[in-house]
Amino acid sequence: MKAIVLLIQCADQKGLLAGITGFFAERGYNILHCQQYTDTEHGRYFMRLKVEDEAQLPHEILHQQFNLLAQTMKLTWSVHFTDVPYRVALLVTRASHCPYDLLLRELEGELKCEIPVIIGNHPELENMARQFNKPFYHLPITKETKQQQEAQIRSLLSEYQIDLVVMARYMQILSEQFVKEFTGKVINIHHGFLPAFQGAKPYHQAYERGVKLIGATAHYATAELDEGPIIEQDVERVRHDNSPADLVMIGKDIERLVLARAVKAHIEHRIIVSGRRTIVFAEGA
Amino acid sequence: MKAIVLLIQCADQKGLLAGITGFFAERGYNILHCQQYTDTEHGRYFMRLKVEDEAQLPHEILHQQFNLLAQTMKLTWSVHFTDVPYRVALLVTRASHCPYDLLLRELEGELKCEIPVIIGNHPELENMARQFNKPFYHLPITKETKQQQEAQIRSLLSEYQIDLVVMARYMQILSEQFVKEFTGKVINIHHGFLPAFQGAKPYHQAYERGVKLIGATAHYATAELDEGPIIEQDVERVRHDNSPADLVMIGKDIERLVLARAVKAHIEHRIIVSGRRTIVFAEGA
Amino acid sequence: MKAIVLLIQCADQKGLLAGITGFFAERGYNILHCQQYTDTEHGRYFMRLKVEDEAQLPHEILHQQFNLLAQTMKLTWSVHFTDVPYRVALLVTRASHCPYDLLLRELEGELKCEIPVIIGNHPELENMARQFNKPFYHLPITKETKQQQEAQIRSLLSEYQIDLVVMARYMQILSEQFVKEFTGKVINIHHGFLPAFQGAKPYHQAYERGVKLIGATAHYATAELDEGPIIEQDVERVRHDNSPADLVMIGKDIERLVLARAVKAHIEHRIIVSGRRTIVFAEGA
Amino acid sequence: MKAIVLLIQCADQKGLLAGITGFFAERGYNILHCQQYTDTEHGRYFMRLKVEDEAQLPHEILHQQFNLLAQTMKLTWSVHFTDVPYRVALLVTRASHCPYDLLLRELEGELKCEIPVIIGNHPELENMARQFNKPFYHLPITKETKQQQEAQIRSLLSEYQIDLVVMARYMQILSEQFVKEFTGKVINIHHGFLPAFQGAKPYHQAYERGVKLIGATAHYATAELDEGPIIEQDVERVRHDNSPADLVMIGKDIERLVLARAVKAHIEHRIIVSGRRTIVFAEGA
């Protein structure tokens, strides 16, 4: 079944729900699902609306007509057509657990997207790409070539018509310019602990600090490192007798699950970003 | 702020959302929150609608008018006014962890309800009732007096104008007649394990079976024991070196949390029962 | 570092710890780790002892000498040498999530074992085997050929010198004879819910019952289906708006994690079976 | 059954286990439980040993004799007798959820300790103390009286022969001098999030940041605020539609569980502090 998903946000006001759903009802669209959220702290309203696409109207006409309503109600909105699968590029380095996990989920149909290209700043994962018959580009990076390497990435993203970039443990900081250009289109994963640890070897730091939980956070990349809007988080309990190597291994399982859930929410058009927060509507709709 | 909550279910059909929200928009009601769910397996539609109650219409007029719409759309529905707090009776036996937990949450304002009466088939918890200045009725039960004791309970529920009965580890089976009379108004808690254990001393059975998780389930009481619609469940990880006594203790913490969450969902009018399933809408709305 | 692991169980008695550790101290073995557990319910004692193997004694001499002590103290015991990696065979059908997960963990060094052979009763996963350069045997099964097919499996297990058989969603019932022959050497994974569901399409049953948690259980295969000693379990929270297909997907993630943890515990010699219980000593040692 | 618990730490060395357990075996003590842990990162060895106390030796003689062994092996150690229950003082302010939880667990026998006194810097919880027949001291605090108020606390701790001070959401910073004097004898609880938030209204900050998990950490108080050795942590999943008030409520449940587990571990003599880490041996022993 073809469907149209609208992601809408605006100042809270009377008549939003009746007005927006009325718009589609009048035009003969069947509303499959409508999820809302009102942030009463800031007086903001958020809606995810999914309607059946039986070609009641050509897409551009629908776009024009809805835009008139949106201007009246001062809606910020985006529209997505579920019969056009997201195209996702993986940025990788040497660590294989996250990219393998995403490739398997594509293969098994858990992630309704296409992964047409993998880009690594190290050559180690070329074999993984070959296992799944994916083109792999090895774009090494040094201080001197960073800008040039990013230009190559940008060129590949364009060539492969990429909608979403997933930093699958890429471990490189993208330039401010790059991140701005792809605002809300780059997902990153990083370890997360209570308390937070900065710097190298975080799992060793966690061991030294004797933490009882380790975790991971998936977020949209922003210019400030690891400060982008959080999409998903999870933790696992650890004990004093878990070695730093154990923590790394446990951390890998959390990282891949958390990243996979974040990518899934994004490609199913379930996320609206509002300032530093994300509204992540429930799956299954 | 006063609010009106409607819980609605019906066969899925076009125009439900626009129709129902339009009804309230036309009458000047501000829609505070609208949660929906479509069970596509069975073609059923569920809605929880919360509107601001500024006395736009007297309650009985609103009731009449909405009833006309409900008949047209074949809605099953109930209405709740948030300025009338639920009145909750506790049925207890000797175990104090669940009733204490509920009394504390009432005291601390976590549960927006009133607990005007506690009924025990054993006298042990009279002191607990006294700590919280609650009337306590000791209604012992034997095979011979079971029917008579239930009549006394029924009479107290009526006297104290009770809306919800919580079996806070009551450990007695209510009669089929009683349960039918109070369908959807009696919440029970029982231990739950993977795999399930029947009979006495379930935590000992769990120990003997070497389970790695123990849990609890809160559900509406029905004539078939422990088979009512599930409201909430949770588990905790256990290890081989947890003794049966440890399991009991861990189980108590799960039981009280699970029961408290179930009661909270009920008194906030967030639950719709559909066959053997419950739709439990998210809190915070 | 080479190490020797002993798994010991016996009736609880005075002097066990001092006696056993004394045996190794006297012979110049450095005790790397000693984990114990006393089942006070049944008066049973369990120990996992790990000592450094610096060739103080030839293995067979050590075996003989320890056997004398074991006879005196009436110990049931087994010995394992960590420089000999387990050889693990995968039995598969069409579902790829569990076998992929195990193959990746072998590749990434998370599972210190070798997977030299994959056997499927359907041909679908041959490509997966090829991706990882593993021999794949397609042994179809019908009512008539069941016995013969098991003979072929047995022959392959022998040919590849297999220590552990993992039913990675194999979905076939092994014969009583087979299971007895490989007691404690066959690990199975199955879905597990609160409450338990028998029969086909368990995730659909779970949906119809409105459960709030779904889970999985890894256990040793025994003649009674799904009744073997539990090694590991886990659950994930689900909601009313998760479709049966969502439940299947969430279930897959739990299944592969639970199975991986169970296999890891087994190949690290951390499990002792006692009746229907398993003692699973903590990892990191 | 009376028992003696020893908590031991030292540099890792050969013969520790055989030596220490041999000491008790020679003197006719039955070893009930022996838990060990070797921190291979730092070459440190930790042991918790529990032996049956059948008055084989007077306690002071045992102490002297073991001290000789301890000097030879350079052990740091402490000894505890399980028939002498810990005496625990509660420091409170206005928040009742943590102190109520601890009082209930004492009452129900989950915490094998005595809580003979409650000290508050605000008068609000006097009624709670009265419910449980506990003396309550209202010691208000201002900038000017801080030193004097701590002297009063110290005097009460001495008068009531307190072994452990629990800051049950006390919200005041104890002086460096006080904390040093009671090193390892003051347990504090604080909220903990991913990422960490400093300053006032942490749950509001967490809301603004859109975190998906909130948590709590129990730790020993040290001069550096919230930097003491972590004893226990836990988290709960939250969603975008949980209001700041919801987060506070969810946080309270985590705080009380985490604090209760930490206190339980301490009074059961299961914790050894090593630098900024804690070794928390498993319960059930």
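By letter and in written order, the chains are A, B, C and D; residue numbering begins at 1 in each of them.
In this text, a contact is a pair of C-beta atoms (placed from the backbone, for glycine too) under 8 Å apart; a residue touches a chain by one contact, two chains touch by 3 or more.
From a predicted model like this one, the values you see are computed outputs, not experimental measurements.
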item	value
Contact-graph distance - origin chain B, target chain D	1
Chain located farthest away, centre of chain D as origin (C-alpha)	A
Averaged-CA centre spacing for the pair chain C and chain B, given as whole angstrom	41
Separation of chain C from chain D, taking each centre as the mean of its C-alpha atoms, in whole Å	37
Chain B: positions in contact with at least two other chains	239, 241, 243
Residues on chain B engaged by chain C in the complex (per definition of touch)	37, 40-41, 192-196, 207-213, 215, 217, 226, 229-235, 239-241, 243-244, 275-280
Chain C residues within the chain D interface of the complex	14-19, 21-22, 24-25, 30-36, 38, 237
Chain C - residues contacting chain A, complex	96-97, 100, 104, 107-108, 110, 131-132, 239, 241-243, 246, 249, 252-253, 257, 282-285
